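Below, each structure is written out as structure tokens.
Next come two complexes, and both contain chain A; in the first it sits with chain B, in the second with chain C.
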Partner chain A sequence: MSELKLNVLPSPTWNWLRMNDTSYQAKNLTGGAAPKVCIPDKVRAGEETFPKEFDGGIGREFTDFLDKEEKARVFDIDYDMADPIRLRYQTGKDQAVSDRVMINVAEGKKGLVVMNFTSDGSDGQLAVQTAVNIAKDAELTLFSVMRTGDGSVLMNDIGTQIGDGGRFNLVQIVLGGKDIFLGVKNHLSGTASEIDMKLGYYMTGDDNLDVNYIASHTGQKTKCNIYANGILRDRSQKTFRGTIDFIKGCKGAKGDELEDVLLMDKTVRNKTIPVILCAEEDVEGNHGATIGKLASDILFYLESRGMDQSEVYEMMARARIDAIADQIGDEETRKLAKDYFQTGE
Partner chain B sequence: MKEKAVVKDIDRSMYDFRYSEDDAYKVDEGLTPDIVKQISKEKNDPEWMRDFRLKSLDIYNQIPVPDWGPSIEGLDMDHIVTYVRPHDNKMENDWENVPTDIKDTFEKLGIPQAERKSLAGVGAQYDSELVYHNVKDSVAEKGVVYTDIESALHGEYADMIKEHFMKLVPPTDHKFAALHGAVWSGGSFVYVPKGVHLDFPLQSYFRLNAKGAGQFEHTLIIVDDDAYLHFIEGCSAPKYNVANLHAGCVELFIGKNATLRYSTIENWSKNMYNLNTKRARVEEGGKIEWISGSFGSHVSYLYPMSVLSGKGSRSEFTSVTFAGKGQNLDTGCKVVHAAPDTSSYVNTRSISKDGGISTFRSAVTIAENATGSKSSVSCQSLMLDDISRSDTIPAMDIRTSDADVGHEAKIGRISDDVVFYLMSRGMSEEDARALIVSGFADNVGKELPLEYAVEMNNLIQLEMKGAIG
Partner chain C sequence: MADILQVKDLKVKLAEEDTEILHGIDLNVGEGEVHVLMGPNGAGKSTLGSSLMADPRYVITDGHIIFDGNDITGQSTDKIAKAGIFMSFQNPVEVPGVTVANFIRTAIENKTGEHIKAWDFMKDLKKTMKVLDMDPSYAERDLNVGFSGGEKKKAEILQLLMLRPKLAILDETDSGLDVDAVRTVSAGIEEYKKTVGGALLIITHATRILESLKVDKTHILANGRIIKDGGPEMVDDINENGFEKYLREGGIDK
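== the complex of A and B ==
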């Protein structure tokens, strides 16, 4: 086992809150993951050394932990994609595996990637690190649905470099998991580069979700939009760290961050820490959060239409996930997320 | 070329006068068991307090300095004098008997004038000791106790002090709470009996005159059931070229359906490390109202905490922080909802200019049993130039589904849209921008008594030069 500090907050606060990072006993890696990969013909796929300068959301210790696996699968995208690259990961019993991925989108092109994660329901551990490089005026859209069951551990780390006029769209949906660590760090270094990140989650039982989203604005007129919407049930726990970092020189930058959390049972635990760091005058940063039970006026209205309280909560929970799932432009993946509420799989 | 609107540096010259401290009694620089014993002897502590001090010193030596806030590397405890007693020190209740230089100090700060005009009582601390304490007869007749804490420690309230002293802020809380426990001196004790409503505020003013010294006053206020008190705290010091330290401690106990409004205008000099701790415990139906203006000090760690331990208890926190050149002010608040149907409201403003750093830091915790609780946090930050810094780090820990928590934060510069709107109503651009900046801090100004609001507005002086580029 290796003790790792995961999802490190860029600007620490009181230690007693236990939000500055999460200490985790990770199983030592037993080998590389073997995802099912589906690649459109025009994408150039290969293998390269993972960049040493990678800077992701989960943090340095996690990167060092994966450094035994130096090679990464590489996808070079040099056309406007209609069909996505698909990577399907499944963890199995006693596995502790890892994978590294590099996605490069050429100037002015649009890439589309789908990464889905499942497990066989056992106690496997999967660690994946993805380095994204978006060139000038290029765009990458990444959809991800995580349904790893209540026995598996997933560490899913992304780091992006975005050039002038580049754009990164990310939609992540988490549907349970024993311990899920998501980290995304975006380097908005190009002028007028943008990111749009949406997270939906539905955690039940003893699930635990731990998130660290970071938007680092160094380029002028850069924009970020971070939106998280989720549901906690039973005894589930969630920590959401969201940081907008306006670094000196990022004139004209704008950052918005919003989180809505619906708490459905008295035994859940929600931690939220939305941070804005600002060393530049000519910027605009906003963040907001609403956490709690369903608004009484909504509940009253729907009950007056003949629904009982539990039906109302089920419907509102599904509506929240659907709202995020509808942002997924890939029908197969969207269906994966939506079907979860009907089949539980 | 257009010029920027300029918010002037805070004019502290009125606070910068100083008097010789040559004939004052001082302990040696540094922090050792012998120094702590010496302070305890000077103050004629009861035995339990002497033991408490020494135990606190042990705790201080075990706890590391914080690894998350502004740097305090410039604070060398080996060169801080932890106890300075002014010459001819004797606590007086008549201004005429206060030594001349000390009296002049407080006259310049307007304390006696304020007492005559609008206060129910005044306490004045000079370095480590109270030099004046007085409460109006009409207030004393209601059973209100307002005295220095050392007198209370030896008088009829000794048991009450022992029962409450550093129970809300234990020395184990953090390193500088432990330091306070070891070397505390001075401060006030207030007791407001059941059902008593004080129409006029009480005020304590803390003046640190000695170079390279620390001030460690302890304020203990007990507002009994159904009572009301407004307590005002002011502080200042002349500027020196060596570090001074303020590590006070405020403990507030608010009874059932009682209300305490605690207002602070903090204007320490820019060589001051202000590592202060304030905490309130609120019983059923009670309310704590914090009003806080932070303008001074070199480095501040200041986060008043409300522990809402009674059903239906409430907390309001309203603050403004102004960080100018050479200042790193880390301020905010903490709220613990520990009972059902509790509510908290936080409304803060931060202004950064001329290289100043302001950080808003907060923590809202809603415990498992705090069902039906509500919390709303709003923080706004204004950047007035591109060499300053402003961060917001709010944390929320919610442990029950039956709660409503809202948070919003905004950071930016003066909005061109708002300026345009005001100009469309006939204002000049300069006037519009001046109005916006002065209005930004109005959340605190409108909550203070008039005299203090005027003082605060005088601290934030605006000078608009042409239009903003």
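== the complex of A and C ==
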């Protein structure tokens, strides 16, 4: 086992809040993951050494932990994609596997990638690190649905470099999981580069979700939008760290982050820390969080149509996930998220 | 004709304070009948409607509610709705994230316990929306979010028509509506009578909504008591002369 500090806040807050990072005993890696990969013909796929300078959202210790796996699968995108690159990961029993991915989008092109994660229901551990490089005026959209069950551990780390006028769109949906760590760090270095990140989650039982989203603005007129909408029920836990970092020189930058959490049981644990770091005066940053239960008048109204309390909460949970899932422009993946509420799988 | 609803000596107080609002209501509604509950502001009309639906803001301290032969006093709101009572709210709440179509479909599936095919449901929904002169795009809008007063009331009647209850309580459904909207809502209520044949308890202090309906009985509620029961002619009398005469007869100072 290796003890790792995961999802490290860029600027520490009070220690007693216990939100600066999460210490985790990770199983030592047993090998490389073998995702099912589906690549459109025009994408150039290969293998390269993973960049040493990679800076993702989960943090340095996680990157060092994965360094035994030097090789990364590389996808070079040099056209406007209609059909996505698909990577399907599945964790298996007693496995502690990892994978590294590099996605490069050429100048002015639009890339589309889908990364989905499931498990066989056992106690496997999967660690994936993705380095994204978006050239000038290019755009990458990444959709991801994580349904890893209540036994598996997933560490999903992303780091982006975005050039002038570039854009990164991310939609992540988490539907349960024993321990899920999501980290995304965006380097908005190009002038007028933008990111839009949306997270939807539905955690039940003893699920645990730990998130660290970072937008590091160095370029002028850069923009970020971070939105998380989720539901916690039973004894599930969630920690959400969302940092907008305005670094000196990023004049005219704008950042918004908003989190909306529905707490369905008294036994859930919810921690949220929205952070705006500001070393530049000419910027605009907003953050907000809505955390709570359903208002009693809404509950009464819905019950008056014949739904009991648990059916009402189920419907509201489904509505929240659907709202995020509707942002997924890939029918197969959208269905994967929406079907969860029909089949529970 | 058998009574679908029997309210026997119902006493109701506020949940959060010791103030009794309804002081022993007796009311019988026959199957398929149209009853009108009128009265001045603050009489307790909406409290009665809400109490029949087990609104948690109120507590029943005495009396019984018998619906379709079963004592439903103290039952939860969802069970009362599943048994077949529907209330159209005076101020329907906004439900962000849940579309009109999804909401109604989920409500029907929960009520019947049966899965409805999406195609059949949407066909039925759009046909019903047409009766209410509603743009089909409203099916995909979040329930009541950003709706005008008239649109909210139409959405309530849309639910009434789709859920097909045995008894509908309409709480001030005509309040705040212009003449055209009242006409449309009235058409929806007529459609309910025609296609479902259920009973109606219409709470109102106006009478425009009653113009196209055949009223069976009228009740006047004041100070938490029913002070007069009568026939449909009472609606016209109140329309012309107000409540004063009835309040005086009931020994209530204006």
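Basically, the second predicted complex is superposed on the first by the 341 of 345 C-alpha atoms of A that agree within 3 Å, B and C clash if a C-alpha of one lies under 4 Å from a C-alpha of the other, contacts with A are read in each partner's own complex, and residues count from 1 in each chain.
One rule holds for everything that comes next: a residue touches a chain if its C-beta (ideal position, glycine included) is under 8 Å from a C-beta of that chain, and two chains touch if they have at least 3 such contacts.
The structure displayed is predicted, hence computed values, not measured ones.
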According to the stated criteria, A:Met315 is in contact with first (chain B), second (chain C), both, or neither; which is it? second
More residues of chain A are touched by which chain, chain B or chain C? B
Return first, second, both or neither, reflecting whether A:Gly166 touches chain B, chain C, both chains, or no partner chain. neither
Examine A:Ala279 and indicate which partner it touches, taking first as chain B and second as chain C; both and neither are also allowed. first
Chain B versus chain C as contact partner of A:Gly230, first or second or both or neither: neither
So, does A:Tyr301 touch the first partner chain B, the second partner chain C, both, or neither? second
Taking the superposition on A as described, I'd like to know which of chain B and chain C A:Lys248 touches: first, second, both or neither. first
Help me check something: in the complex, which residues belonging to chain C touch chain A? 53, 55-56, 76-79, 81-82, 86-87, 89, 92-93, 95, 97-98, 102-103, 106-107, 110-111, 159, 163
Chain C-touching residues of chain A, taken from the complex the two chains share: 295-298, 300-309, 311, 315-316, 319-320, 322-323
So in the complex, which bits of chain B are touching chain A? 67-68, 361, 363, 368, 371, 381, 383-386, 388-413
What residues of chain A sit close enough to touch chain B in their complex? 11-15, 17, 19-20, 232, 246, 248, 251, 261, 263-293
